[in-house]
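Two complexes come next, and they have one chain in common, subunit A, joined by subunit B in the first and subunit C in the second.
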Partner chain A sequence: MPLRLVPRNLLKHPLRSLLTLLSLAVALFLLCLLRSLVVALDAGVRGAKSDRVIVQSAVSLFVFLPESYQEKIRQVEGVAEVMGWTWFGGYYQEPANFFAQFATDSELLFSMYPEIQIIKGDARDFLADRRACIIGDQLASAYDFDIGQSIPLIGGLFPRVDGGVWDFQVAAIYRSNSSNVDRKSLFFHYDYLQQSREEGGVEGPPGIGVFVVKVKEGEDPLAVMGRIDALFENGPQRVQSCSEAVFQAQFVSMVGNIPLFVGSLGGGVFLAILLAVVNTMLMSAREQVRDIGIMKALGFTNAAAFWVILLQGLLLALAGGGLGILGAHAVSEPMAQALGAYFPGFAVSRETTVVGLVISLAIGVLAASVPAWRLSRLSTVQTMRMEA
Partner chain B sequence: MALVPLTYNLRSMLVRRSATLLTVLGIGATVAVISGVLALQQGFERLFAASGRADLAVIMRQGSTDEGSSILDREDANALVKSSPEIAEDEDGRPLASMESYLGVRRFKVDGGETNVAVRGIQPLSIRLAGAALKLVAGRHFTPGSDEVIVGAKLSGRVRDCQVGDVIVFNTTPFRVVGVFECDGPFASEIWGDVERIGAALERPVYNRIVALLKPGVALEDFAARVEKDEQAHAMVESEREYLTKQTRAMSAALLWLGGVLALIMGVAAIFTATNTMLAALAARTHEIGVLLALGFRPAAVFCAFLAEAVLLCLLGGAAGCLMTLPLNGIETGTTNYQTFTEVAFAFRVTPQVLVVAVTFSLLLGLAGGALPAWRAARMNPTAALRRL
Partner chain C sequence: MTERIIALSSVTKIYTRGGESLVVLDHLDLEVARGGFCALMGPSGSGKSTLLNLIGGLDHADQGQVEVAGTNIEALDGSALAAWRAETVGFVFQGFNLIPVLTARENIELPLLLAPLSRKQRRKHVDDALELVGLADRADHRPSQLSGGQEQRAAIARAIVTDPKLILADEPTGDLDRESADQILDLLARLNSELGKTVLIVTHDSLAAERARRVVHLDKGRLVDRSEAALAPGGGN
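Entry: the complex of A and B
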């Protein structure tokens, strides 16, 4: 089989081949990033631990639970530990600077969430200072925060009566090795929030957002959840316990049809590029009619003619697709930085790379097989007679 | 200068119909993706911004970004209304102001999954203030002081227990659905009930905002400035339109950004496609170009002819893209209002702006994609071109 014809034919019209290659690269670049976006949505669900249970209000995501629930839940059979977890809802300078802040029981935080690892500073400094906080490494780099610095936050949900800002001292910077804990959050002491409320300097709802429950080893989390829910069946606030994965998944489901939306976008991109490549392959195949005729006259088989055309398409598709996938990997890190607050865990995964390669391959095969099949079946005499 | 007749281009496109069709469809798909995103943005923005009234004042706690985070003390709220002579009065001299509460509650969707539905506790005046924008489409209004609610029409098919006669349980208290209402704006995705009864059921006896009609002649800005200076009130005032526009800002910006990025990236790919098609056309028609030049057409005329063909090709693609987007018009979808984290239903809107952007975009694609091949065609040597068959 005259394999040398494959690159030669592609280089016959270098500009056209280059343009096709580049449009394929653009399409695959886009498809990989879109897929990574959808994958990132589920990152929190995939990273969730199965021995952690979240107890939240059965009424609303925005209703807090009474503080007294913590002790009551701790008494429930099968519960190892209970930690409060309260959404603070503040913002830095202006509402557009969005990142999550949580008030937790700090002395429990590191044992409940072993995935939170201090990479700079000291956890003891955090525990020793009432106004201290720890921040994720992505948050630190996004706003150039560093240890010892204070972060002024405007309380959206908990405004200070005097109209001033909250000040949190950065005691340490953490990194999370699991996608369920976002690297762009701020954690501080619930006691600080509670005392500020008691002293009357702060408005805002009383109570605790949700409780994170660690189930004793060997206990069935489902049974523990049932016991906790039953405890508050008749109020004052009904609760709904669920696994951490389900808790994370509810946010994904609220976001609504994003996977469908992004999927349709991807479909459009795929269609546009497939048509473009089919077109190029058809056009270049038409120009090769005489060459194929000559090949056949020289005694090459139909199969050889078929493969010469098909391999051109495959080579072009893989080169273009590969380039696009490489491009997606190159921008993966800056994209993760930019989207961190909305899509924690954004990354172009190995799976996405494979999917991208398969799509490139599919485009190449689909686009080249029609002209390859048509040309290979023409008789020698027919091809020689046809005008290019 | 004599121009090459356009029929030449049209016939050439017809002769190479499979290539023409594939190019048109490919560019059409690109245009459709971008105008689809824009239609979504238009639908979202129209739902909010177009429905807000400019003369209705929305009073919230100072510093809050939305109703959900605005919590007003009841006494403070009542005192503020009483001490505000700017607020219009009804026939009996009572201020035309209504206290409302707002909370996103967990509800199950009809097709599975959980969502947050906004529950608005209102006083009877809210319905009067909403005026003609609010229409009851089934049942009746709830009786003030009772455990009854009316639900927005957009919820009926999407969320469970939202038909007349159904019972919705808030915390531990059951509420009966007695009516379904249609309303402009995001309200048609809400549940409305008596502010006191809902507050009691949810254990949240607070107000989240006050809506008030101002006396004729009172400028909203003046009222806002006075209230914001009031140390006691801790409140801020916006017009309803302003408030609703703010709710869409983040989502609108995100969708416009997405549309822009897609247009840029996919536009580049589409330009490559158009260039490719034209280059192939050129290669096949070298002889014809030689004939055109030999007949005395100036290179500039040949340039125009091929550029026109590329533009025509892309405009056809744009038209195909618009046709692909049109069926989206009116399709309802749900998304989260990221300010309040509650679900709102809205429809794609293929507005004239969307179509104008789509056509302009395809025109630009044609110009950018056709320039290089047209230039090459114009620079051909007639003798050399004529020799090629």
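Entry: the complex of A and C
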């Protein structure tokens, strides 16, 4: 097969090929980024531990629970441990510098979340200092934070009455080996928050955001959840327990049905670009009718004619798609930095790259196979008589 | 007895257009001797090109038998016919029919891609063909950079590069000025006389037909004039 015909015919109309290639590149760029967003959202759900249960207010996630619930939950049959977990909602210097901060029962944090690994500093320093915090390695590199450094935060949910800032000392830097714990978060002592509230220097809702419950080994988490919910059936505030995976998933659903939205968007982009490439390939094939006739007259088979056209579609689609995928990889890190607080773990993964390449390949095959098949089926005499 | 390279027996070709049947070739018999130089003449629509296409295995007859170089080509399927064409026939067309995105060298090399030859061997064959048609200095030019005569010489080089037994030329001088046409006819005559190729040309050009050693006239799908010495080498073959 005269393979050199494949690139030569694409370069015969460079502007047309370039525009088609660029449209493919933009489409695959968007598809890869959209898929990466969904994967990032889903990562927390997939990384969730099955022996951890989240207890939140039955009214809303934004309604805090009484502190007294912690001890009551601890007494429930099947509960191994329970810790508080409160969203702080502050920001560093300006609102754009937003990342997650949580007030927790620090002495329980590492046993409840063994996936949190201290990679710099010492967990004991964290536990010893009321104002200490630990931060994720990605947060440290994003803002150039280091051990011993002070991080002043403006309290979003818990502003200081005097308008001042919260001051946290970095005691350690952690890395998580699971996607359910964001590496751009800050954890500090709930006691610090509580004491500040009691001293009256801080505004904000009383209580604890949610409780994280560790279920005893061998216990059925569903049964434990049922007991906890039943315990507070008559108030003072009803609770709703769910698995960690369901808890993570509800953040995804808060934004809407993202997978469906992205799937529809991706499907639309796929169809639009497919039609554009089909159009290009039809035009290209029409121009090559006589060339194909010549090839057949010289002794090339219908299959060779088919492949000459099909490979053009494949080359165009893979070049355009590849460019788009490369572009998505190029912006992956900056986007992860920018979106890290909302889409922790955002990255254009190898799987997304493969999906992108498969989509490119599918576009190439679908767009080129029809004109290739039609052209290859024409008789040699017909093709020689047809004007391009 | 002179060996036949083309033997058509009661060949009929019918085209159907808009529900109407048009008999293009009507029980035609034709024999051409190996090494002959034969011109097919006739008015437009007489069936010349159709006949050439049948002989070259580009089309199938509706009735009759087409035997070329000892093969009944009507019995061959698509792939076998393509392989047979590649090995047996060299085509030269009126519109030159070079592939525009390839250079003259690459166009000439095209049929060699079907043969089990190394790149070096292919290059040698192409160089020989270019030399033969006097186009060595234009080898790396694209068709758009060649004159009509040069394009047709490149097309002839492509037709002979595989060393086929038979060269079929459909109006090879139709798009050329007189001088270029004469050069092409000289070249075809040389291929016939020096290399022993059988040449069959379809032409309207009486000057072109004069170069042939045998002229066959077609009208309404039938032979109307045929040399009595059709099979005699050096005579009316």
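As a working rule, the second predicted complex is superposed on the first by the 348 of 388 C-alpha atoms of A that agree within 3 Å, B and C clash if a C-alpha of one lies under 4 Å from a C-alpha of the other, contacts with A are read in each partner's own complex, and residues count from 1 in each chain.
Here, contacts are C-beta pairs under 8 Å (C-beta built on N, C-alpha and C of every residue); 3 or more make two chains touch, one makes a residue touch a chain.
Bear in mind that the values here come from a model prediction, so they are computed numbers and not experimental data.
Trainee: Just checking: does A:157 make contact with subunit B only, subunit C only, both, or neither of them? Give me first, second, both or neither.
Mentor: first
Trainee: Examine A:2 and indicate which partner it touches, taking first as subunit B and second as subunit C; both and neither are also allowed.
Mentor: Once the two structures are laid over each other on A, A:2 reaches subunit C alone.
Trainee: With both complexes superposed on chain A, which partner does A:301 reach: first (subunit B), second (subunit C), both or neither?
Mentor: second
Trainee: Which chain, subunit B or subunit C, ends up touching more residues of subunit A in the combined arrangement?
Mentor: Answer, by number of touched residues of subunit A: B.
Trainee: Given the touch rule stated above, what does A:381 touch, subunit B (first), subunit C (second), both, or neither?
Mentor: After superposing on A, A:381 lies in contact with subunit C but is clear of subunit B.
Trainee: Does subunit B (first) or subunit C (second) touch A:223, or do both, or does neither?
Mentor: neither
Trainee: Which partner chains sit in contact with A:291 here, subunit B, subunit C, both or neither? Use first/second/both/neither.
Mentor: second
Trainee: Which subunit A residues lie in the overlap of the subunit B contact set and the subunit C contact set?
Mentor: none
Trainee: Provide the residue numbers of subunit B that touch subunit A in the complex, in ascending order.
Mentor: Within the complex, subunit B touches subunit A at residues 18-19, 22-23, 25-27, 29-30, 32-33, 36-37, 40, 61-65, 68-69, 71, 103-106, 113-116, 170-172, 202-204, 250, 262, 265-266, 268-270, 272-273, 275-277, 279-280, 283-284, 333-336, 341, 343, 389.
Trainee: Touching subunit B in the complex: which residues of subunit A?
Mentor: 13, 15-16, 19-20, 22-23, 26-27, 29-30, 58-63, 89, 95-96, 154-157, 159, 163, 203-205, 234-238, 240, 250, 253-257, 261, 264-265, 268-269, 271-276, 278-280, 282-284, 286-287, 387-388
Trainee: How about subunit A: which of its residues touch subunit C in the complex?
Mentor: Going through subunit A, the ones touching subunit C are 1-2, 4-5, 8-9, 11-12, 290-291, 293-302, 379-381, 384.
Trainee: Give every residue of subunit C touching subunit A within the complex, in rising order.
Mentor: It comes out as residues 53, 56, 58-59, 78-79, 82-87, 91, 93, 97-102, 106, 110-111, 113-114, 158.
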